Structures are given as C-alpha cells and as structure tokens.
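By written order: A, B and C. Residues from 1 in each chain.
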Amino acid sequence: MPVLLTADQAPTLGQLVEFVAQQGLAATLADPASAALKIQGIGSLQHASSVEISFLSNPQLFDQLTHCQAAAVILSEQVYAQLSTPPAFAVVLFEQPYLMYALLAQWFDQHRLQALEHGIHATAVIHPSAQIAANVHIGPHAVIEADVVLAENVRIGAGCVVGAGTQIGKNTRLQPRVTLYHQVQIGERCLLHSGCVIGADGFGFAPHPQGGWAKIAQVGTVEIGNDVEIGANTTVDRGALDNTVIADGVKLDNQIMVGHNVHIGEHTAIAACVGIAGSTHIGAHCIIGGAAMISGHLTITDHVQISGGTAITSSIKTAGRYSGVYPYASHKDWQHNAAVISQLSQLRKRVRSLERNSTSQ
Amino acid sequence: MPVLLTADQAPTLGQLVEFVAQQGLAATLADPASAALKIQGIGSLQHASSVEISFLSNPQLFDQLTHCQAAAVILSEQVYAQLSTPPAFAVVLFEQPYLMYALLAQWFDQHRLQALEHGIHATAVIHPSAQIAANVHIGPHAVIEADVVLAENVRIGAGCVVGAGTQIGKNTRLQPRVTLYHQVQIGERCLLHSGCVIGADGFGFAPHPQGGWAKIAQVGTVEIGNDVEIGANTTVDRGALDNTVIADGVKLDNQIMVGHNVHIGEHTAIAACVGIAGSTHIGAHCIIGGAAMISGHLTITDHVQISGGTAITSSIKTAGRYSGVYPYASHKDWQHNAAVISQLSQLRKRVRSLERNSTSQ
Amino acid sequence: MPVLLTADQAPTLGQLVEFVAQQGLAATLADPASAALKIQGIGSLQHASSVEISFLSNPQLFDQLTHCQAAAVILSEQVYAQLSTPPAFAVVLFEQPYLMYALLAQWFDQHRLQALEHGIHATAVIHPSAQIAANVHIGPHAVIEADVVLAENVRIGAGCVVGAGTQIGKNTRLQPRVTLYHQVQIGERCLLHSGCVIGADGFGFAPHPQGGWAKIAQVGTVEIGNDVEIGANTTVDRGALDNTVIADGVKLDNQIMVGHNVHIGEHTAIAACVGIAGSTHIGAHCIIGGAAMISGHLTITDHVQISGGTAITSSIKTAGRYSGVYPYASHKDWQHNAAVISQLSQLRKRVRSLERNSTSQ
C-alpha cells in the first residue's frame, strides 16, 4: 500500500479538483456532493483503498472498475458513459486521466516532502569556509568540506559527503549517503539518489616503463546541468583533463556508470545498469535501454534509441533505433544454435561453394 | 586465512561434535582422545592451519588429505577406510561432511556475531517518535527518522539511514551504510549488506508537453518478506503507485537492480549484476544467473532457470532452463563469425534460393 | 574547467621544468623568459585557459594549436618546427609530451592532496583496541572497529566503516563512504574509491532440506595486495572458507563485482561493470573490457585480453584476445537477423541437405 496522509492532513476531493484547475486542467465531479470526501493518497485501480483516489487510463483495465475499492476514480467522459450501473466510487471527469494522476501523485509527494524536517543538523560537519545560502537543509552526519557553495533551498541528506570546492545550485536535493568529490558542479532542481558517487577518478593508467601501471591523475571534474536526476548507486567519474558533462534535463536511472570525459546531451534518458566508457559523446534526446554497453571514444548523434542490452561498439551518425541482443531460447535450442554461431563463417563458405556448383551446372 | 577465534574462545573438538549432535547429526571421533583438541576455526583442506577443522566432501580432492595441515578433518566412513596410513589429523566420522561443514561454519560465524557490541551508540541520531523494541542494536552515526518501527533484536549497522515510517521485523540485520527510504517494510530474519539502497524512486518520467521529461512521483513503496538476503550495493526501487514486492526467502546477490513494481516470488535466488526492469513479475523458486537482464512488464513463471548473461525479452510460461549468450571465441574467429551475423538474413535467402534451384532441377 | 590552484599556490613554468628534471626528464623552454609564467593548472589543448599548461601528443590535434588559449604547451622539437608563425603560448620542448603531461597532472593532484586537512576528526568513532600508527588521517563520522590496525600515513575518508580486525598498510587511502567488513587485509599505497564494499558475504546457499535456502556462512576474508586501485561502488566479497585474493598492482574500475574466492593476478586491469563469479582465477597482466561477464570456477591464464561485453563461460588456457559480442544494427536489420539466429541449427541442416543433393547429382 502506498504512503498515506493521515485524515487530518488529507485534502478533500474538491480541493484536489481545485488544485488541478490552478494548473489549467478543468476536471469536474460527476456528483458535486463528493467534493467533501477526504482523500489520503493515490493508488492503482487494483489496490487503491477506500481512502484513496485512482484513475483509468488504459482501456484494457476497464473490468477492474467493477471491484475497485477507491474512494474516487478519474475517468474520461467516454469511459464514464460505458458504466452500466452507478459505481461505488465518486467519479472525477477529465479527458486525460493519466495527466491528472501525474499531477496528483506529485501533489501527494510534495506534501510529504514539505513535512520533512528543515535546518542544519547539529551533527553535520561543515567547514567554516563553506557558503551556505538561506533555507538550506543539511541532514545528520553530513560532511561539507572547504569552499563548498550551497545555493538556496538545497537539501543535503543524512550521511552525504560534499567535497572541497563543490558547488550546488538552487533547489537541488541529495538523498542520504551521496558522495560528491571535490570541485564538482551541479545545477538547479537536480535530484541525486542514495549511494551515487559523482567525481571519483576516471580509470586512467598508462603502462609503466618498469612494468605494471602508472596512474594518470584525473584533474578534470564533473559538470551537471539543471533538472538532472541521478539514480541510486550510479557513478559519474571526473574527467582526466577536461570535464565529464551531463547536460540539462538528463535522467539517469540506478547503477549506471558514466566514464571520464563522457558528454551526455540535453534530455537524454538512460535506464538502469548502462555502462558508458570514457570520452564518448551521447547526443540530446536519446533514450538508452537498460544494461546497454557503450564503448569509449564514440559519438552518438541526437534522437538515437538504443534497445536494452545492446553493445554499441561504433559511432552512430543517424537518428533511429538500434538493437543487438542475441535472442534467448530454451537451453537445449540455444545449445544447438550457439554451436552453429561458432561456425558461421564456415557455414557461409559452404553456401558459397553450393552457389558456385549451382551456377556452374 | 579465515577468521580465527583465540585459543581461549575456541571450542574443543568434542564440543563441536556435541553441538552437531544437538542438531540431530550423529558424528563420532575416530580417536576419542582427540575430543580435547582446541579448534579455532574452519578451513579448506588446502589451506586449513593446525588449529582448524576441515572436511572432505568432493572425492576428487582425496589427494589433498596427504598434505592437509588441519587439526581435524570430517570424513565419511568410506573415505576413512581408504586411508592407507594413519593421518596426521584427528578424524571426525560423519556421512555428510558438507552438511557438518555448513553447520560448523555457521557456528563459528554466530560466535563472532555474538561477540559484537550491542546497544544504541551515543552518536546515533534517533527521532523521538521512532519505536525501538528490546535488544535492538544501533551502530555509530546511524540515523533513524520519524515513526520508524524496529522490532526485537534488529541490528542497524554504522552509518545506516532508515527513512521515516519504515518498519523492520525481528532479528533483521542491516550491515553498515545501508539506506532505507521512507515507508519501506522489511520482514524478519533478513540480512541487508552494505551499500544497498531500498526504496529510491522508480525511473518514471513522461514526455513533458513543453519538451524534456516530467517526473512521475513514485508514491508506492517496497515490501520485503522474511528470510530475505540482499547483497552489497543492490538497489530495489519503490513502486510508482503499488509496491515493489520481494517475497519470503528470496536471495539477491550484489549489485542487482530491481525496478519499480517488480514482484519476486518466494525462494527465488538471483546472482550478481542482474537487472530487472519495471513491473516484471518473477515466479517462485527461480534461479537467475549473474548479469542476466530482464525486460519490463514480463511474467516469468515458477521454477524457471535463466543462464548468466541471458537477456529475457519476453514472458516465460513454462518452467525450465533458458539461455541466450553469444559464445565467445578468439578475437579473430569472432570477427569472422560476427561479420556473418550481420548478414544472416541474407544468408538464409541464399539458402532458400539454392533450395528452389535444387527442387526445380 | 579542471581544478586550478590559486595564483599564490601556483608554480612557475621554470619550477615545473625543474620538477621534471628531477625525474630525469630534460625539458627546455623555447624562450627562457617564459620561466617566470605562473601555471595554475593543466588542461587539454581545446579547453586549457590562459593560466594553464597543455600538451600536444596526438599529431591529429595539430590544428588545435591555432586556437589554443593555454599559457604554455609541451611540444616535441618536430612539432615545434612545423609551426608557421610564433605561437601565442610559451613552448616547452620535450620529446614525450604525454609523459610530461602525466607527471605534471600527478604534480597538480599531489599538491591538492597535500593541502587536505590531516589528523583524526573529533566525530570519528574509534574503538580503544584499534592500533593507529603515526600520521594517520581519519575523517568525520568514520568508524574504526575493534582490533583494526592502520599503518603510517593511512587516510580514511569521511563516513568510512572499517570492520573489526581489518588491517590496512602504509599510505593506503580510502575515499569517503567505503565499507571494509571484518578481518579484511589491505596492502600499501592502495586507493579505494567511494562506495566500494570489501568483504561482504559471498553468495553461498545450499538447498534446505525443508525447502528454500540454507545460508553457508562465509568465514574466509579478502586479501588485497599493494598498489591496488578499486573503483567507486565496486564490491569484493569475502571467501567462503579460503580468501578472495587481489594481487599487487591490480586496477579495478567502478561497479565491478568480484565474487567469493576469486583470485586476480598481478597488474591485471579490469574496466567498469565487469562481473566475476565465485572461485574463478584470473591470471596476471590481463586486460578485461567493460561489462564483460566471467562465469564461476574458471581459470584464465596470464596475458589474456577480453573485449568489452564478452561473456566468458569456459577456462582460457592460451594468452591472446577473446571476444563475443553480437554486433548491433538498426532495429529493423537486427530483427531480420535475430529471427535467423533462432533457426540457425535448422539452417545448417538445410545446407547439409543441399550439400548431399549436390554431391549425389
């Protein structure tokens, strides 16, 4: 069951309709008397309880209305007209139920955020040279090193470590246990999830004349634009000389690895477990599926879509969708096919030879 | 060398035989006089030192008995009879040496755990509204937010952050530096390893009418059953509306990514580096190999085995084993075969054409 | 822009030339008068500002010299001779510009490190039984458990947790938020990045007689040699009975998973996101590309190179390069080829049948 407000904190259905009206969306109540209903949360058709609001966006879920326990459901006029009997729930009429859901989910989440404690916790360790703007929250056991600059309304979660000289723009939030190394630059309205590490050394070694590896010091840093979200345990390495750059509006899911000197263009969204090797430039408005692997020193143009699990080993100059995952099968079938894969080049020779014979006849 | 107890802490061989007897296993000593031997730890045949006990379970390792340094070795009667000379070590006779090893390893590990400090560390930050049951341990610099409920014998490691409203059942242990977001529910006897993050936002964005991405607030949470183990740096995201659910007895290795609204059925075991995209349901008693990737919105039935590295891109309705990894080869051979893969569809056409010619002759 | 020293902290160009002379490298200034120039940092040809030094190593970047803003550039005599007009920057003449860059980058980074605060922070929690050598730094909110041994010049970052009995050799540095479990052994001059977890339980379970899984306690530990670097959020599990071993000079990038009882030989370098399953032995001087997956219980000999993304499912006895990634394509082309892959075994049969017909004619 999702997070619920208490009955005291909860808005009425009428207040929620008013809230979306303020965003320019004209929703109406099928029964004006339902305006007084208290709504403590938002849930799916299948699981919403009698104190929650739900919505029907996908027509295939129409049958779920029958057993829906929600206090209220957002429906389009068209769907409402299809109901054969008066429903057990209050009805909010709106043409784009998914959009209204998105706004209300945001509303409930914001409400929760506003209830969080503010201020600078007594256990936080803050270097005297750090510049902390008004209304900044710093959680317990956080560490803010020398010359850090935190703009207004920045929120630093418990146990975060913000390295020397790092700058964070207005309204950016760090969830607990985030590490920012030294001199990292982060824009406004970003959200960094727990466990992510920004600005660790890029993987730079040269063969040492006396054997083994000589470390190439990584003296660049990381620049992150505005409105960027970075998932849990994702790592973004600092540049070797120039910076690693993540542009405005980029969304990174969990456990992504961004190598040194990578550039990711505006509004590109990358699903979990993707690895991007050093110095690769990814364009704007790309969508990259989970567990894709992208080699180093490539250029990928704007508006490229990469399917999950695909290994990108050369640059992509044309927008469009690219794939490359070997299709799975039952283990037995796969064994048979895999055996042929190891002999493909031979198989092609056999076909060529047959073709020659066939032509010569 | 594994962890050793000091000679003072160490049990005698006789005490260990008594301990397994209490579990219903009748082991005997080949020489009763060896009961007084002090046993400080448990090790492999190859590396156990003269204060440790070892075991022979795999018949292929028989020759290792010759140079074994262990104080004592667990052998089956059959193996014992094969020894041509009296061994340098004491012999414990038991028909299932691996089972006795498992019990003794547990015993030594439990002993270490019991020696750990208890109580609530003075540096832990605990919200006054949190409910802390008897015998709870909270390590240094841990943070327990508002309305958290910790049941009896819960152990919270150093530097953990437990978000508001989260509930943890009896005897569950969090290793150091675990993050639980708000409202997460965790059952009894679970073990969460360092760096894992439970309840971060699922990756939910809708194209924004004005360009870029609009965040879909993630108002569901995560429910974890009893006897679940979660590996280091694994992430389990909270649900968008409904919850992400991990059933009783599930074992997750390190660096696994569980997307929002995923369900994992009872006793399913998943090896490291697996990614599971959002809303996928995985059945009970499945075994998933390392680095497998599972697409979103799929249903995988019970008792499915997936080989390591396999990309599962469609639902699986029949129990059994599934595979899909492209076999590796020397780089040169791979280059030849890979070139053909990019022309497979063409190759099939050529075969068809040959077949047509062949038939028409 | 990379990290810059202040003008006060900055060396002169002459001092930098002297510094490399002390390392046995004879660089000279094209114009001796440039020795007085203050150099605040090091940058790339394209982005270095007027207070930084740069270098030209790759001849393809020659044209970037035209617009280079750097205060000074390291050039070979040969490249210097090709300049048609006197450059806007001071010129340092040296035959191996990349080598001089590597030394100077190290110099600037070392300078930054020396400026860091030292000593044991008042908020660190240190067990009285821990042995702390001279000149050890322990950051805020770090936790040092019982019987830990820290040698001279060890540096423990903020929020690290060092488990009971763990030993760390001279000059080793832990960045913030690293977890070392109990009894881990780490050599000298290692660098562990933020979020890495060393010594969590290996993934060891046996089917339980009453259903589900019985945990096999992991009583081994982890041994790490000298000069090892471990990337952000990488995990190295403790051994089941014997130890997991990482030899001298090994370099591990971010988000790598090293399973229990794995051995990695000297000077092997492994790129990000690689997973290595339990009990596999990897030789010395290997290079493993990003996102490769290596199955358990394998032996890989010395001097093996594995291409990124390759799944290694059997032992490798011969040095050389191995690959195995399915080549990507436009989604449409891939669909056509992927369909054939699922029928490869059938295709081979068709070719065989054609061959038989062809021979019989």
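As a convention for this text, contacts are C-beta pairs under 8 Å (C-beta built on N, C-alpha and C of every residue); 3 or more make two chains touch, one makes a residue touch a chain.
Quantities reported herein were computed from a predicted structural model and do not represent experimental measurements.
Enquirer: Chain C and chain A are one sequence twice: same or different residues at the contact, by the over-half rule?
Expert: Shared-number fraction below one half, so different.
Enquirer: Which rotation angle, from 0 to 180°, best lines up the CA atoms of chain A with chain B, given as a multiple of 5?
Expert: 120
Enquirer: Averaging only over C-alpha atoms, locate the centres of chain A and chain C and give their separation in whole Å.
Expert: Roughly 26 Å, centre to centre.
Enquirer: On chain B, where are the residues touching two or more other chains?
Expert: In chain B, the residues touching two or more other chains are 123, 141, 159, 177, 195, 233, 255, 273, 325-327, 329, 341, 343-344, 347, 351, 354, 358, 361.
Enquirer: Using the touch definition from the top, list the residues of chain C that touch chain A in their complex.
Expert: Answer in residue numbers: 1-3, 41-44, 46-47, 98, 102, 105-106, 108-110, 112, 116-117, 121, 123, 139-141, 157-159, 175-177, 191, 193-195, 227, 229, 231-233, 249, 251, 253-255, 266-267, 269, 271-273, 290-291, 308-309, 325-331, 334-335, 338, 341-345, 347-348, 351, 354-355, 358, 361.
Enquirer: Under the stated contact criterion, what part of chain A meets chain C in this complex?
Expert: 123, 125, 141, 143, 146, 159, 161, 163-165, 177, 179, 181-183, 195, 197, 200-201, 203, 205-206, 211-221, 233, 235, 237, 239-243, 255, 257, 259, 273, 275, 277, 293, 295, 305-307, 310-313, 320-327, 329, 333, 336-337, 339-341, 343-344, 347, 350-351, 354, 357-358, 361
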